[in-house]
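What follows are several structures.
Presented sequentially are two complexes of subunit A, the first with subunit B as partner and the second with subunit C.
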Partner chain A sequence: MEEDLKTSAKGQILSIRDLPTLPKVLDEVTRLVRDPSTSIEAIAKVISRDQVLSAKVLKMVNSPVYGFPGRISSIQHSLVLLGFNVIRGVIISTSVFDMMSKTMEGLWEHSVGCALATGLVARKAGLKDPEEYSVCGLLHDLGKVVAAVQLPELHKAVGEAVRERDLRWFEAEKAVLGFGHDRINAWLAQHWHLPPNIKEAMSSHHNPERAQLYPLHAAAVHVGDFIVRAFEYGSGGDDQAVPLAPQALTTLKLKLGDLDSVLDAFAANLGEVSGVNFAPEEA
Partner chain B sequence: MPASCLFSRQQRAMLLSPDPELAELLRGLWDPHEVEWTVIREGRRAMEAIFNEPPDLLVVDNRLTDIPSVEVASIVKSENVYRQLPVLLCFDPEDLRRDWNWCEVEADDFLVRPFSAREAHERVLLTLCRASRAMDANPLTKLPGNTSIIGRIQDLIDRKDEFALAYCDLDYFKSFNDKYGFSRGDEVLMMTARVIVNTIRSFTGVKSFVGHVGGDDFVFIVPAHMAEEACQRVVAAFDDIVPHFYDAEDREQGCIISTDRQGAVRSFPLMALSIAVVFNTGGRLKHYGEASAIAMGLKKKAKENPKSSYVLDRRSE
Partner chain C sequence: MMQKIPLALAKPGMKLAKPITKANGMPIIASGVELSESLIARLDGMGIDKIFVLGDAVAASQNPSERVARLDRLFRRLEDDPYMREVKAWLREYFTIKAAADAAVAANGAAGGQDKG
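Now for the complex of A and B:
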């Protein structure tokens, strides 16, 4: 029975055609792409604040059509390789959530917060290409967004379980669905030919010790997720703190004390992302 | 109005048909300077002429009595050197009552009696345009290939346009291929093509062109004053992206280390882009060959630098 649910849910998840986003960033990018002289850097900066738009460009550039599936994990590179026409096409074909946007705003804030925190953790750990880690942080809960769109009834049931049984979202998913958004992430990353580092971070951020090939990415996102929750910025669907896996810090060669400066940097930089208000402007 | 991409030179078309009305109709569609028709009433007789001097378009009437029209088409299309020759079939309405296996017939289009002069005119042009697009595209990147590149350059030279012609190729592509295999090499070529195309296209409102000569050789054409900036942007984007096409270990160490056939350990840097740019200012170039000869000389200079680099031919200024 559980396997049946998993199979049908997987089919539902992977059949997603139109992943909507929130209006704020979309409107901003729409303005930018109207002017063909806008630089790719400017567009990349804005798209990097939206998990759905970022996922869309990464999915497209890594699709076999372009001939190098699974190679590109940077938004900036994606945009250079897709080119202005294709970017504009992606932007104009993206719709916005017409409901649930309140719940989604929390998830969006959580997502950009985690991108920022993960990038800072990667810098603190002295890792190369910290931007790559930010992308992993940005996409770490994409499975929750896709589940909300493709499995609305189940998504609602998970939300009820969170409230009624005082569970973390991840625990409630397992109670209701039998699997968590980490699994959904893995399906999506696989299906969309996302690079293996992003895939592993998306699918192992709750269990970074299970990461096989890219333990650093999974560990950095795990710590990033911990930090953004500690700051109570945005919402991953519940208001509980996540336990910090000590193994993640070991993997990153960081000590608990190292997190102090990461937390300081996070607080100092949060203004930059929290300025992104995901709520639509009052009409 | 002729399709402007086609009539830079006279098109040679051949009609195989016993129907004099069809011949008359087709001949009446264009001035002979634009399209010159050779009409042959029997299919078999035409084969040698087609093979010796392939026309730009072959129109085959299904009313041929000595050989089925589809056989003519398949003889032409089964030879790799003639495959690109577009074939248009002419049918009577009853011919369409049976099912056609277009995978086997390999024609490019068809016309049905009673013919309309307007439709025939447009269909012939469309078939020619489609063929010129498909014929020469690089099979990997789908960018225009050598014939289009040479045609474009010669056309610009003939019109005495001022332009910059850039030849790009990859350094250490071979060592990458040797280590990672051809399909990973193709990934790099696809990436390179996208980088060049998008960078060149980001210069809006100017005439530009990107072609793929083959292998790791690409060309682009931009207005002369933009050449240097185009080179800088292409090189910057390429250098930024190419490390990600290596495995993490090689990316970290910044080179490929391999053992050659003599057992010696050698290291090869990450791939780099070398660009040589030739300018046609003041109508100095007369022929395509001059441009490529100058570029090949410059390329040697660009290659002396193991990092991505470009060399501009300033002799013209």
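Now for the complex of A and C:
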């Protein structure tokens, strides 16, 4: 019975008809990347053909979230500095939020804030390629946006459970749907062929101890999500702190006190990061 | 600065930036009114789901005194967990020190202004 609901909900969520279509250039680029002889110039050329998309990508990668503020002048440059996986994640998140920006108020800010915090945590922990961690933070709640559009009635019921029973969004999802956005994230990551580190961070950010292959990615996003909630920047759908898994810090070889400088940098960069907004301004 | 927020995120102490009106445009609550728990509950009862409030989200997030004031609310369902009590105490100390530093800078700034004057 419960499995039936899950299967039908999964079908509904992934029904191609309504799922946001990703920019065409992404398919083309994904094909190109499979061929190891493809040059970065060739990939950059394809992405640059979509000027609106390129402008959005450049705006995002030049924000303090990625650690090169205002220094990336072209798509080719962004691919060299950040790598294709990061650029692909940026394209997916901006495309999805672009089409669904009004579905969950505050979730875009929460996601950008989480990307900033996650990247800072990764740098503090001395991890290689911190930008890859930032993009995991950016995508960590994508399942909430997609569920809001694909399952509008259930989404509304989740919101009501948050309000009436004082639940966190994740708890309310499990109470109403029988599963959370972590599960939806895993389906989406599979569907969009996201790299396994991003997939595991998206699906395990609430339970980083369950991450099998990329515990560092899951742990960094877990801590990033906790930080953006402590600052209450944007909204993940409720106004509560999330339980912090002590093991996440152990995995990252960090102590609570090590996060003081992360909080400093987060607060200092928040103003600039808040300008990274693709939603049309509302009067 | 003004921002539109869902009622779910309204907090006591926020001030209305636009009046709340009925569907026919008749104002029910004037702009500038400070929200209280009971007013928020009443708005909820009236089926209001979005409101305009003064202030900007970034400033509230960056203000350490505001962060200290929000901790009890944020951690209300985690008080039974000893580790989360430790986490909360760490955040309280961090933001309290930041707030004191801000206050000291503000006081110096005011004194500096007087010197010049």
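Everything below uses one rule, namely that the second predicted complex is superposed on the first by the 187 of 283 C-alpha atoms of A that agree within 3 Å, B and C clash if a C-alpha of one lies under 4 Å from a C-alpha of the other, contacts with A are read in each partner's own complex, and residues count from 1 in each chain.
Heads up, the rule we're going with is that a contact is a pair of C-beta atoms (placed from the backbone, for glycine too) under 8 Å apart; a residue touches a chain by one contact, two chains touch by 3 or more.
Note that the coordinates shown come from a computational prediction; the quantities given were computed from them, not determined experimentally.
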Once chain A of both complexes is superposed, is A:36 in touch with subunit B (first), subunit C (second), both, or neither? first
Just to be sure I read the superposition right, which of the two partners does A:232 touch: subunit B = first, subunit C = second, or both, or neither? second
The answer to whether subunit B or subunit C touches more of subunit A is C
Using the superposition on chain A described above, determine whether A:260 touches subunit B (first), subunit C (second), both, or neither. second
In the superposed arrangement, does A:105 touch subunit B (first), subunit C (second), both or neither? second
Where does A:14 make contact in the superposed view: on subunit B (first), on subunit C (second), on both, or on neither? neither
Once chain A of both complexes is superposed, is A:270 in touch with subunit B (first), subunit C (second), both, or neither? second
Under the contact rule defined above, give the subunit A residues that sit at the interface with subunit B and also at the interface with subunit C. none
Contacting residues of subunit B [partner subunit A, same complex]: 140-141, 186-191, 194-195, 197-199, 201-202, 204, 237, 240-241, 244-245, 252
What part of subunit C is in contact with subunit A in the complex they form? 4-6, 8-9, 11, 44, 50, 57-58, 60-62, 67, 70, 73-78, 81, 83-84, 86-88, 90-91, 94, 98
In the complex, the residues of subunit A that touch subunit C are 105-106, 109, 159, 162-163, 166, 168, 229-235, 238-241, 243-244, 246, 256-257, 260, 263, 267, 270-271, 274, 282
Show which residues of subunit A lie in contact with subunit B when the two form their complex. 36-37, 40, 66-68, 71-74, 76-77, 80-85, 128
